[in-house]
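Presented sequentially are two complexes of subunit A, the first with subunit B as partner and the second with subunit C.
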Partner chain A sequence: MSSVVRDEPGNQEEGKIIARHLVKDYILKEKKGLFARGQKKVIHAVKDLSLEIPQGKITGVLGINGAGKTTTIRMLASVIAPTSGSLTMNGVDAVKNHLWVKERINVISGGERNLYWRLTAKENLRYFGSLYGLSGASLNEKIADLLETVDLEEAADIPVERYSKGMKQRLQIARGLINDPEYLFMDEPTLGLDIVIAKEIRRLVQELAREKKKGILLTTHYIREAEELCDYIYVLDKGKIIAQGTREELKELFMYKPQLLIQVKPSDDQEYLALLKEEGEKTADEQVLNLLMEHQIQVEGLSVQEPELEEVLMKIISQPDRRSQ
Partner chain B sequence: MWQVILSTYQKNRIGIMRAVPWSFMVSRVVTGVTQIVFPYFIYHYFMQGNLQSDFGKYAAGADYMTYIVLGSALNVLAVSTLMNVGRALISELREGTLETLLLSPASRSAYFLGCLSEQTMRALLEFGTVLAVGALLGADLGFLLSLRAAAVIMLAILGFFCMGITLSSIMLYTRNTYLTQNTLFVTMSLVCGITYPVQYLPGWVQKIAQIFPLTPAVELFRNVVIGHQSLMENYFSILQVVILSGIYLAVGSVWYVKMEPRLMESIFG
Partner chain C sequence: MKRILLVVRAEILKQQKHDYHSPFVYFSLLVWPVLGFLEVYYTYKPFEITGYMGITDRKELLAFLGTGFMAYTCFWSMIQNAWSMANQERTGGTLEITFLSPANRLAMSYGRALGALIQEVWMFCSFCVFILIYTGTLSLGNLVMLPFIFLLLIISSTIWGGMLNTVFMFSRDASIIMDLFDMPMTLFSGSRIPARCLPQWAKVLSLVFPLTYCLNIIRLVLHIQEEGNGWAADLSGLAVCLSIMITITVILIQKVEQHNRENGELQFY
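Presenting the complex of A and B:
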């Protein structure tokens, strides 16, 4: 275990990761032509970002593609160093003590990477456990416990290449918990999973925060998932926080409304559209339904469509007056 | 440290055995056999057993088969070590598992030593095959079963491992394995005195040959096995392998330490 010198941490800094004014610039070299000298281009991936990840809570980071979510996660996990700003974990300088930090964190990404496909679940966990200094009976016990948590006991001795996407994701979660981290960074953990598996993973994430008191940073593309899981949410755009608040506060800010989709007979379609136009395109769902009933237009299907996260975020981005910062 | 070495050994061993369970063993043996059979045919049927008079002077009085068997065996060990240690990290990068290693506080040296120990087991099989086939074709390898010879093999592996650390950084920097390894391996087999003494090469090529640990290692190996010389008589070659190992290890390690943050940014950023 690596040792660390604390810079007199205050009580407020215990039990949380605190980022203050983090900046991350990437320098890209652009070459125009085979023998031309490369020109340097600075990309400002994250600009002046301040946030906190308390233990026992789920903190969400939302943003459209390219907003700086992944760079933020990797900086907070001390995987990449910030260009400027300060980052502390439990009051300890996380940039200077990155080895100490690595013992206390783990990252779980969506997708099928980060696992050895030719190895079984047990063999994978045994290897990853050894990277954190675990061995012998305690490691075996830990592996059995984790496989039970992610419900992979029966598939424990099957090579990962024969796993389904959902099973691989569950094994990823077990891998992320192998060192019993204080903080867990989850980058779109339910991406591409079916509803049942995604629900199971969300339950697991909640349990980790509420019962095991882990500090969780979650990025997601699903607005419902963020609402269901996150205690506090940061919205990023172009590397800056443009909105932040609790679920309730942001619900108000998002002001999104699910859309009611009504399917009518093709023969009634034109009649329905003409009717709506005539009535001034009434938007209230009950008014539309009343109107259809009144004119005896048969409804063939009804469904509720949630807006895409991108759509909601784009709305916030395009309306600066709605931003809380 | 030991734990990471052992678990990396086990992880690599299980992976390779599941990927290529028996064809792998066959390919290793066939490679070893062809390394010897080709020069055997050239020597006996093309050159009709004729060598220039100065060959004996350069080769410590060895016959050509013994000379080439010892050179080829060490070359096989060099290529295997360089290839497996050199491309260990870039293979993790390609398989998408490098980030979990970089995220962990595990020692990178222990990881490399784990890769080395696993691949040495495989490389020794090929090394043994070359020597066994060579002995069948008439090479005089009587003095091979000596502590001196074992010490030279260990020293050679150290040299190849250290060079592999630098090669690993080159591969990660260039994100290329084929050009890097193939260029290097062909160059080494041409200039390091594997199939003919380096003295036959132009002066400037002989100088280039001295930057590879394989050149002094193969000279040392032949002097011990063919010439029955002591290690002390070959202190200069030993020193050369040790110095080259130190240089390659230092260059590779420093380069890697500098490159890891950039590597992390390129994977994660």
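Presenting the complex of A and C:
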């Protein structure tokens, strides 16, 4: 499309998206009746965000609802322009050359939207492919390839409205790969999916980074997902990065004592409590289990309590010397 | 250029696939318009002998309404489609996704209009052509005019539809356009009532609609209800009207992009 001038070509900027001090303010006009002029309200969705997305790596943005994850993605993907700050892709100013950027990136969001439900998978991909200037045999080949990648070959000619959630999500991934993007932005891609499908999608994300060398930015509010997938993690809260580091560096932060929940028959719980009192505080899980076995109390359920992201955020915020930028 | 044509073609195909469903769709594409046509025809028929509206026989009335309804349907389908597609693309989240691509925005807008036009009016237009042949308005002698008429209608309604599509992308509250344009366009542009029967102020209003010029030209070449203006006036009127609409479209689509980049508006529904 348009020719692009590289501002400061340097090796450091090749193969990376670099964001420096990005700010996004949304201006809302409050509605106040028919004639009263509403006041303008500014929402600071993202405040001073700096991050890097290298190719071949998975970069994670971890945050609760409303933290600013989607706004961050939309800004990095050149859908919306930052209020201030700089954004470069492979050394090119991405704010000025947003159409150039759009050729080379794509966005995949969690959820079932962003597809034409009345069209089949093939028809959807053909349409979106055409928007990127693809056509003919090469487009058909690409579509066949992608349908295989996301394992939708059998459903290729069925309208999307008949798909399950997981199938729609996989088709979205195929859609996001149609222009063979250098960078891929994934906004909570496993949101609301059941465990097996979520796992499948995580495997695919890993493959895309490791084998296809795409630079991936992934947002999530699951700590486990960030830990499992991401090479580098930014923790976002109220539009600010409050912690960052590699998996290993953040391990301590995310460390938690997994709490073992043991469920016993309701009729046995008095007996169990009495036992615990008798034996004193039992902290180690295996000690508790042994005790239960000894006294032949039937266990009905076992589960490990995961830490809540909120708890981790509280932990970071309360640390006086927290790693922030 | 090739990429622009690709986008237009993709939009046409998408429209076609999107609207292809049950046979009930034929009611809205054919049966209702035909009933509307008949209603107006039987309303006017008693006046036929009075020579009111300058129409003196049944065949001329049929030909007058046949051309009027054909052109009107093309333009009206654009309004309707712009409204319904804009809603669907917004709620489906696909509007934002199309803007995520680098595709030419004008090509998307015009492609959608052209796609809807081809998809939605061909059946009723065939009916109108049948009426024109039945009344002898179209005969072997002037059949060459038919492609010209189609071309005129396709170009004008696509430009009109592209503008409306952009307006609906620009604002979620544009449904008022539906009401704003429907009645005046029906009344003033001469699809059912000849312009010569209208008061002066209404004639001025009718100049806003490209439909007015299209109808004048079509009726002129088919020798129905010949009015005094002649070729040149109507063709140049149409050209001016279409250029203004293209200009509005180009400006508006830049605004859509700019607003979206500032506020992320296309995500809302």
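Keep in mind that, in the parts below, the second predicted complex is superposed on the first by the 274 of 325 C-alpha atoms of A that agree within 3 Å, B and C clash if a C-alpha of one lies under 4 Å from a C-alpha of the other, contacts with A are read in each partner's own complex, and residues count from 1 in each chain.
FYI, contacts are C-beta pairs under 8 Å (C-beta built on N, C-alpha and C of every residue); 3 or more make two chains touch, one makes a residue touch a chain.
It should be emphasised that the depicted structure is a prediction, and the values quoted were computed from it without experimental measurement.
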item	value
Superposition on subunit A - do subunit B and subunit C clash or fit	clash
Subunit B versus subunit C as contact partner of A:Phe128, first or second or both or neither	both
Subunit B versus subunit C as contact partner of A:Val107, first or second or both or neither	both
Which superposed partner A:Ala81 touches (first subunit B, second subunit C, both, neither)	both
On subunit A, the residue positions that both subunit B and subunit C contact, one per complex	26, 71, 74, 77, 79-81, 99, 102-103, 106-107, 113-119, 123, 126-128, 130-133, 135, 175, 179
List of subunit A residues in touch with subunit B within their complex	2, 24, 26, 45, 70-71, 74, 77, 79-81, 99, 102-103, 105-107, 112-119, 123, 126-128, 130-133, 135, 159, 175, 179
Residue numbers on subunit C that touch subunit A, as the complex places them	2-3, 6-7, 9-10, 13-14, 17-18, 21, 91-94, 96-103, 108, 260-264
Complex contact set, residues of subunit A against subunit C	1, 26-27, 71, 74, 77, 79-81, 98-100, 102-103, 106-107, 109, 113-120, 123, 126-128, 130-135, 175, 179
Subunit B - residues contacting subunit A, complex	3-4, 6-8, 10-11, 14-15, 18-19, 95-97, 99-106, 261, 264-265, 268-269
